[in-house]
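One chain, chain A, links the two complexes that follow: it is found with chain B in the first and with chain C in the second.
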Partner chain A sequence: MAILLQILFNGLIAGSIYALVAVGFSLIYSTGRFMHFAHGAVVALGAYLQYWFFNLIGINFYLSFILTLFSVSLIGYLMHRFVYKPLKDRGSSSAVLLIVSVGLMIVIENFILLIFGANVKSYSFLEIRKGIEIAGALITPLQIFIIAISVALFLLLYFFMKKSKLGRIIRAVSDNPELARISGINAHFVHSASFIIGSAMASLAGVLIALEQNLEPTMGLNLIVKGFTGAVIGGIMSIPGSIAGSFFLGIVENAGIWYLPSGYKDAIAFVILFLFLIFKPKGIFGVKKRDE
Partner chain B sequence: MTNKPLIFALIIIVVVIVIFAIASSKPANNVPVENVQSTKIKIGVIGPYSGDAAVYGEPYREVVQMAIDEINSKGGINGSKIEAIFEDGKCSGQDSASAAQKLINIDKVQVIIGGFCSSESLAIVPIAEQNKVFLLSAGSSSPDLTGISKYFARNYPSDSAQGIVLADVSYNDKGWRKIAFIVEQLDYPLGIYRAYTKEFERLGGKTLKEEFAKGETNFRTIISKLKAESPDALFISVQTPAAAERIVKQIKEADWNISLMVSDSVSGDAEGLKRLAKFYEGALAAEFVADEQSEAFKRLSENYKSRYNKDLPYKSYMATTYDAVYLLKDALEQVGYNGEKIAEWFRTSVKDWKGASGSITIGENGDLVAGHKVKIIRNGKSELYQ
Partner chain C sequence: MLKIENLKTNYGDLEVLKGVSLEIAPKSVNILMGPNGAGKTTLLKSIFNLVDVTQGRIYFNGQDITGMPTHRLLSFGISYVPQGKINFDSLTVEENLLIGAGKKSREEVERSFERVYGIFPILREKRNDYAYNLSGGQQQQLAIGRVLMQDPRLILFDEPSLGLSPKLVREVFHTIKDIKDRFGVTCIVVEHNLKSVLKIADYGFILINGLISYHGTPDDIISSGEIKKVFTG
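Now for the complex of A and B:
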């Protein structure tokens, strides 16, 4: 029993980390309809900016986080304004944008490498100690906090998308960009907003993930691969769905390696991805289209 | 018309790649350009200069450059200067294969120092053999490399020694019978696992293992699973100290008090041992120990410190790296710049060669004839185990 609970916890911890990455990625995808793979590198950038403010300059941790949040949001906006938007305005296909996003990812990773070096870094902000025991299973306060943030984001975004004006506009654009534009919605504003909000979430993800598993320049690639998988499983057009999909992925992966050799962990993740793409391509929370 | 943005994007990508290529191909220490003359001997150097493994890839690069500058300042090889061309193998077979292709086909090198990681060496041996280019590894220890090709030699010992001495101490000295392994899915960590298991099972013990892919950060379920098996000790066999750091932290969070063994990639990281002293206390490891009393080692250590302004890390690895450059110097002086002849020289002429890592003899199978010693980690330092 304790072991089942421990696996569930392990799955939730992994899932919440994937979810933190997936949510921003999915937001940007649903409004802009292209894969912003550099999102993983933006997460890493957030983690490193926090390291810079907190460990190198010596600003208070929470104040550093606010600075990081604003800087990364600004960088996200600039990426949209000076890289993606000019290309989109020329009518570039989403394949071009995909390649550009991979290029951006490489540029950001190498930039981090250049400034901070290749060594693994740590904030050394929290002490490593035995986790809290809940019915025989162990979990640390930081992990509970990370899970809570993911769940809170899920609820917040669910209601934000359903009830708020901006949420409705974002859904309108993601549902049918042409129709939204004809109805007088400023698509450029929505795209900028999605990059700013998405990048802000990336910085939150970056700092929490770095607290949990240290910093390295290439951390973004692994994160975006799993975040992307979680987003597809949950329904990439649905932001709450991408969070649910990430939790699902985390739990299945960890439950899976309890029975299978642990070397198959990534294989489990990608088999699930294939199954979803074949049988339920719109994901768990897939948005239905009228004409399909 | 519609092609314009695509072309524009491609141009940008190409420009960025070129800028990065130029920026990263700059010699680590801004060696003045005038040092490099037209009659230069090109040596390729493949190692992990980025990623987790850069912790030893960076000093490796520094030591190679330093040794080459030392040789050049004393007149080079029969008057010709040596030029090192560094290519990043990223500790991965795929990246080092591209690096080797580039060095062989574009730079036309006859000799490559590398790979450093076993994964790098295993991937590039077939390419080197096909092109009759000689490879000298200063860090690859996978048992799979023993006798793999006449174009490959190493002055770092095989892990079969590392696995065997640790299995022996575990069984006979510690009385352990059941050992759990957490193994990274790369050639070096898997090589240690295989060598250990072979010897431990021969003695009468049993091992069980869980593997993880490079880049994994969440080991919780692996730890829960192994903990449930109640082994006598846990062997962490990983490519880089960063992976081990995550594992020991998560072991602590899972409240598991278990005797540890670690691969020498972990015990050789002096800075990491100091920082994580409480996690590694009492852990066993088998290291290939450099002869720190030798003249060459003292010279290496002092020159490194004065040039880079920091203590020499990974002493054993760096001693073999330093020796690799000087071994090549001797080979080049005696048989000239020819991959085939150098390969032959390494098989037959390296007997009791005195270097920073001790007395070097390379056997018919291309392996260093020497072994590992068992060490124990106490108060953040690795000491000889008695």
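Now for the complex of A and C:
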């Protein structure tokens, strides 16, 4: 029982981190219809900017986070405005944009490496506390905080998408871009908004992850692979789907390494990714359409 | 109301419209007929600036609207109902209508809702249902309803009867005539279903191989025998 609960805790922690990455990726994919793989590097950039503001400049942690949030959102917008949009305007295919996104990821990773170096870093903001024992399973207050913040954020995003006018317009563009254009929706505005919102979520993901783990310049690659897998499992076009898929991935991975050596963790994710791409490419919560 | 002068449109090297000129009277239902590949949809898309016009001008109430961005065309009162996927499937009926409402104030939106629900009572009943749950006829009603939220003066319909049963086709055409009579909206309808559509039309254009080959009232078109060309090209 304690073991099952421990697997569930570990799965929920991993899942909430993956989900934070997956929602932004999914949001950008659903409106723009291309894979923004640099999103993982944006998460890393968030983590490092926070390190820069807090540890190097010495600004208050929470104020640093606000600065990080704004800077990363701005960088997300600039990537769209000066890289993806000009290419899209020239009629580049999604394959071209995919390659560009991998290029951007490499540029950002190496930029981080150049500025901050390859040494592993940590905020040393919270002292390491002993885990709380719940029915024999251990979870730290920080981990509970990470799960709680993620869930709160997902609820906020859900209500934003469901109830606000901008949320409705974003859903319309992701549902039918051509009809949205005919209906007078400014696609550029919607794409910019999804990059800003997605990147803001990435910065939060970066800071939360860095509180729990260490910072490495290449941390984004692993995160985007997991976030992408979570999004594919749940249905890449659906934000609630990609959240559910990420939690599913987190739990399955952690259940798997209970039986297999922990080095197989990433292999488990890849096997699930392949299985879904082959047998259920639209994911568990794939968006329903009349003609499908 | 709408005047097109010597319009030419290309897809790559292929010239689809080869110099179309026509004039549309206000508050009328106009049918655009022609064989497949004649350029009917391209003509509608050219008016709505969804394809690049290579030559010629389009005037709406005397104003040159050639190549004008979509949101400005909408503000002039020109709306477009495409064929194929005509609604936002994953949005509810009401959300679909709200997308049509654009930047209207709350009071204006309420007034437009009443107007649309007055014509299509079933949409009020199903306002919280997702669009993908609607039947084919209801889908078409929703698409027309969404366009009516934009307070149009000219609606471009691209094959509204596509995929509908004969009974529903009649209903859709009845609706189009009703919209014209009640709100004085001018309609241009691209259609294959000539028998039903000529009954409600005020005027017809036959487009063959990128050029208007004949135009006239439905009676003229039927008596001239030109209608055969719609099938044979």
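As a convention for this text, the second predicted complex is superposed on the first by the 291 of 292 C-alpha atoms of A that agree within 3 Å, B and C clash if a C-alpha of one lies under 4 Å from a C-alpha of the other, contacts with A are read in each partner's own complex, and residues count from 1 in each chain.
By definition in this document, contacts are C-beta pairs under 8 Å (C-beta built on N, C-alpha and C of every residue); 3 or more make two chains touch, one makes a residue touch a chain.
Quick caveat: nothing in here was measured; it's all calculated off a predicted structure.
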Putting chain B and chain C on the same copy of chain A, do they fit or clash?
-> fit
Just chain B (first), just chain C (second), both, or neither: which does A:164 touch?
-> neither
Which superposed partner A:176 touches (first chain B, second chain C, both, neither) = second
Report for A:258: first if it touches chain B alone, second if chain C alone, otherwise both or neither.
-> first
For the overlaid structures, how many degrees, to the nearest 10, lie between chain B and chain C at the C-alpha centre of chain A?
-> 140
Is A:13 in contact with chain B, with chain C, with both, or with neither (first, second, both, neither)?
-> first
Can A:60 be said to touch chain B (first), chain C (second), both, or neither?
-> neither
In the superposition, chain B vs chain C on chain A residues touched | B
Which partner does A:185 contact after superposing on A: first (chain B), second (chain C), both, neither?
-> second
For the overlay built on chain A, what is the smallest gap between any CA atom of chain B and any CA atom of chain C, in Å?
-> 10
Which chain A residues are contacted by chain C in one complex and by chain B in the other?
-> none
Can you list the residues on chain B that touch chain A in the complex?
-> 2, 4-6, 8-9, 12-13, 16, 20, 23, 49-52, 54-55, 57-58, 185, 210-213, 215-218, 220-222, 224-225, 228, 242, 245-246, 249, 252-255, 279
Can you check the complex and tell me which residues of chain C touch chain A?
-> 48, 50, 70-71, 74, 80, 82, 85-91, 95, 98-100, 102, 130, 132, 139, 146, 150
The chain A residues in contact with chain B across the complex are 3, 6-7, 9-11, 13-14, 17, 87, 90-92, 96, 99-100, 103, 106-107, 110, 113-114, 117-120, 128-131, 138, 140, 213-214, 216-218, 221-222, 254, 257-258, 261-263, 265-266
Of all residues in chain A, those that touch chain C in their complex | 165, 168-169, 171-172, 175-176, 178-186, 287-291
